[in-house]
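We call the chains A, B, C and D, going by the order they appear; numbering starts again at 1 in every chain.
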């Protein structure tokens, strides 16, 4: 095989992996949009907040220590204990559930039956709020997140594929990031469990019912409020997973909230209402932008990924306005 | 008691269709104009001008533009930052290429250029609706920023891609560059803001405006009445971009004096302007101004109170800024989803009936 | 009884449909239907649910494009046109489930109906003072006539969203009339109305017909109404035409009776 | 209307908080929030703590107390203006915007208001030309000097020959990141090495493509101009593809404690720097004694001694020295921003001066002059020691290729002068 061919394969594979990372974020959006028709812009910040909380709990940080110090002139920052990862994750999930309840109780509950754009703006307001709140609670310095995830390229694969290139060609073996592989596994597990949950549990069916038709769901006696709490909790959990994956990549810091922007083209492509869409869309975007950067990028000066992801989704949408798996838009007169 | 229309009859349709049918409103409108043009300049400090009034006017223009698109035509857009960037860079190129050209025509030209770009990026709106469109407009946001950052011609091949506005005058008064007096800069922006508001009002109350609103409310019905969706949507994108382009142009030339596309015209700008429109009130010209005022003044206010007044550490203050602004936005949406303009309207209704509410 | 006949002799064909076939992805909505509408008559399309009545109207005002067949309007054959172009040809309509512009006042809704009659370009509008305003006023006057005619002066400035159903229907009719159409398509104008409202609506339709001489094509379920106001009636069933003629002819047509009584074919 | 009233109220409260007694005001445009907070915080702490220390230790500068009003810019240009305008009113002597974007838009304003800008190691490189940029001072070093110094170091390590080598520049795709490109292009021509440009868009969490490309092309060296999260990801990816760390060079904004990996992963990574590292300088004794232990530290004290803290403190020390110089020149302790400008222009940062300030050999020697606001451009090289988890200065402060850089500075500054019809001062 020629090295160029192998490189292309490598780019595609890495694109797929990157796509999975985008899907992890997109999933959260889809869950909430499906169940409540809310385009939750705060999803990215939720990921950041979840990751911050996880690290904070893990390393025994004192919440709001900075604020406390500023007010009482004390100088405290850590409890001085370490919380085992599993427990920390469990606690963080708990925090996200509480968060979901608060959001439902004090925001959504008051905005029922508003136009989508109003709800959208509300979530942006929420995003602002949480950016500030997260920083005050845990501080705005960079935190390294260590939950024992592997990192670095897979040596085995590199050595194994080393010989594949044709004689005399420069080739260093196939490169795949272990972290990305784990992420892919996690994503698969996540999607499968979500599907099982929504297919085979009463709550899950309730969720689907609400997704299909609020009124109908209400009429068969499903409480919208509990549903929303559940959905936001799940979205919070998904955010935590995304936060862990991305946090392990880049350290936990403010920029983590910007991964939302990476998920939007995925949503466009996959449709706001489809979980498989989020996955497939992510894969397409990932491969698309990486291939473009690999093939065309160098000619036009590189750094094309940010906009190409959107343009790709856009081109796709012009031919299929409801997205890949989005429900068909029927215009009746 | 004082605020009512009884006895204030209209004898011609012309009178009936004027902007402020009620005498009191008319008076107040002229009063505000008088204050803006005559009183404020007398008390204008550098700080007030550069940190409060000028940004307020510039953002108000941008909000007007976006409101035409989102509020009147119902096309959700997140490309504002990109379009402002186009306006800014167009101004820079024109200023440096034709040093003789006067600022007004430069700024109007920049607006027109942006309008053309906007119409181009409006094309997808024919197929794509709602949030899909909103996300689609992000494509223009990212692409335009990338382009302006990537092609050295746009910033005259300067090492860092920074553009800075040279000094220009109108009628012998300096309005751009460091030596411009705050009053001159303020008045210059004010003239544009008022003029554009008037323009927006005219466009939205006439045939074009009705075609926009028709598309917004029920596109199928609109089409069957004779509205060409293509024309309606593209014209909305063009006009909106014209406003936003001018805003970007003033933002760069009069307000900041220098800009760098990736820093000054990022995605945050797009969201900020959308905020103004929604907080202020969709489909309301007055609302665009109120929204801009809110989003510009609130942070300055908070900062001065928390840091200047209460002497908090700046970082805590900044974090609380986020919390408070975010919280206020949510509260506003809960209390009055149709924005501050609607609040004002409701208040008026109450005033009209006062003191006999029933 | 013989008054419609006279009309028919006098009048020429305003609209003629020849062998229209319409199907959505294999499902046939309309198969091989032909009928005509005469200048100035009131033409009714009736038939059970799903007979293809609304599809028929959508074909006429160009919202659907039939796979087969010819459409002649005003003596010219129409080749695939967009709905807004057809509006300019002089066809207006109302909708089964009201399609008003919720965000606008009654006045603005009806003014929007004047769209095809206003021509001042953007620059004039931007200026407002002068030609644009003049045009606006002229059209406003015409609209006021319609408002008087429909007896809705009181609610001129009310946002249509706040109006009761019956009034909304009336406003929608007003919006269609504002276009001064040659032909007016009414999709179940009386659906969900009480008796009084229906009577009003009938009166308006007939007045429109004689005062403005507007040709009217309407879909209606209420047989009584149809038989009263229609000059001629087309009966559809399962996308096929099963009857055509004056009310009496149709009333006594066996296939039509079967279709309505649901006798198995 | 109401909001404006409120605003005026708030502004008056601000006006009240303006210092009454004569003070030397060294405002701090910091960013402790936003995507770059982790970098902005220690720098701001260093700047503030040094002045606090001066106040406590020797009662200010020349007997006049200093004050450091802080204003949060969040690295945002618009907020930068707001800060500038508000602090200008407080009688600011010098501005240190700590953002290339804010610097660019303050250059004309500050020049008009006769307030100098001190932009050490950032901002507009061609500001070094004092004849045109009368109020901009970016000594001791700038982006171009850094790039040139790195190339020299690479050359030296390669045994004096880099013709035909392939050097990749991985840069933050913004004004800051693009600064070194002209220099590197010129140097590539001169030394005959091959330059590959690899931009990374803000924020830069996803750099797979860039590093796959690097892995394919195996450049002999990598130069990193990153900021914020981009740095961590870049180093992580470099480690992932097992790129030899000691062939990788960062500019000083990519050479801080934030920009390293735990353990040995980034051991050997080098970065340019224009000041020394570590805490074994007399000044730290004073800072700890008078500031940290006294509970007056700007931050929680945890940043003391970190690279960025040192940089902020070094900038403060430079400003203080210039202020003292100005006081001597004009024979008054209570100087104005105009006098401060003269002080900066005539500053003489000799070893003696640094030693006196408790920072012997902390930075290169440099002196300002009418036409030279950039100093000698001497830059050192530091290296990350994974064992001790600390930066070590491994290459002393050496002058860059001034022939190349001087030409570029001249060209760029003259272009600016032409665009804004500025007539250069005759120096």
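We take it that contacts are C-beta pairs under 8 Å (C-beta built on N, C-alpha and C of every residue); 3 or more make two chains touch, one makes a residue touch a chain.
Small disclaimer: the values here were computed from a predicted structure and weren't measured.
Undergrad: Going by C-alpha centres, which chain would you call the most central?
TA: Central chain is B.
Undergrad: Looking at C-alpha means, what's the farthest chain from chain A?
TA: Max centre-to-centre separation from chain A belongs to C.
Undergrad: Taking the mean of the CA coordinates per chain, how far is chain A from chain D in Å?
TA: 35
Undergrad: Using the average of all C-alpha atoms in each chain as its centre, how far is it in Å between chain A and chain C?
TA: Chain A and chain C have C-alpha centres separated by 51 Å.
Undergrad: Report the inter-centroid distance (CA atoms only) between chain B and chain C in whole Å.
TA: For chain B versus chain C, the centre distance works out to 42 Å.
Undergrad: Measuring from the mean C-alpha position of chain A to the mean C-alpha position of chain B, what distance in angstrom results?
TA: 33
Undergrad: Among the residues of chain C, which ones contact at least 2 other chains?
TA: Each of 63, 95, 99 in chain C touches at least two other chains.
Undergrad: Indicate the residues of chain D shared as contacts by at least two other chains.
TA: Within chain D, the residues that touch at least two other chains are 32-33, 37, 41, 173, 201.
Undergrad: List, in ascending order, every residue of chain B touching at least 2 other chains.
TA: 146, 220, 313, 315, 318-319, 322
Undergrad: So in the complex, which bits of chain B are touching chain A?
TA: On the chain B side, the touching residues are 70, 76, 124, 127-132, 135-136, 138-139, 142-143, 145-146, 150, 220, 267, 271, 274-275, 278, 282, 312-313, 315-316, 318-330, 333-334, 337.
Undergrad: Touching chain D in the complex: which residues of chain B?
TA: Residues 32, 45-48, 50-52, 55, 96, 146, 149, 156, 158-162, 164, 166-167, 177-179, 255-260, 262-264, 266, 293-294, 297-301, 303-305, 307-309, 311, 313-315, 317-319, 322.
Undergrad: Which residues of chain D touch chain B in their complex?
TA: Of all residues in chain D, those touching chain B are 1, 3-4, 6-7, 10-11, 13-14, 17, 30, 32-33, 37, 41, 70-72, 74-79, 81-82, 85-86, 88-89, 100-101, 104-105, 107-109, 111-113, 124-126, 173-176, 178-179, 181-182, 201-202, 408, 412, 415-416, 419-421.
Undergrad: Residues of chain C touching chain B in their complex?
TA: 61, 63, 82-84, 86-88, 92-93, 95, 99-104, 108, 111-113, 115-116, 118, 120, 122, 125-128, 132-133, 136-137, 140-141, 144, 175, 179
Undergrad: Touching residues of chain A toward chain D in the complex: what are they?
TA: 7, 10-11, 14-15, 17-18, 21, 66, 69, 73, 75, 77, 135, 140-142, 144, 151-153, 170, 172, 175, 177, 246, 249-251, 253-256, 258-259, 262, 289-290, 293-294, 297-298, 301-303, 305-306
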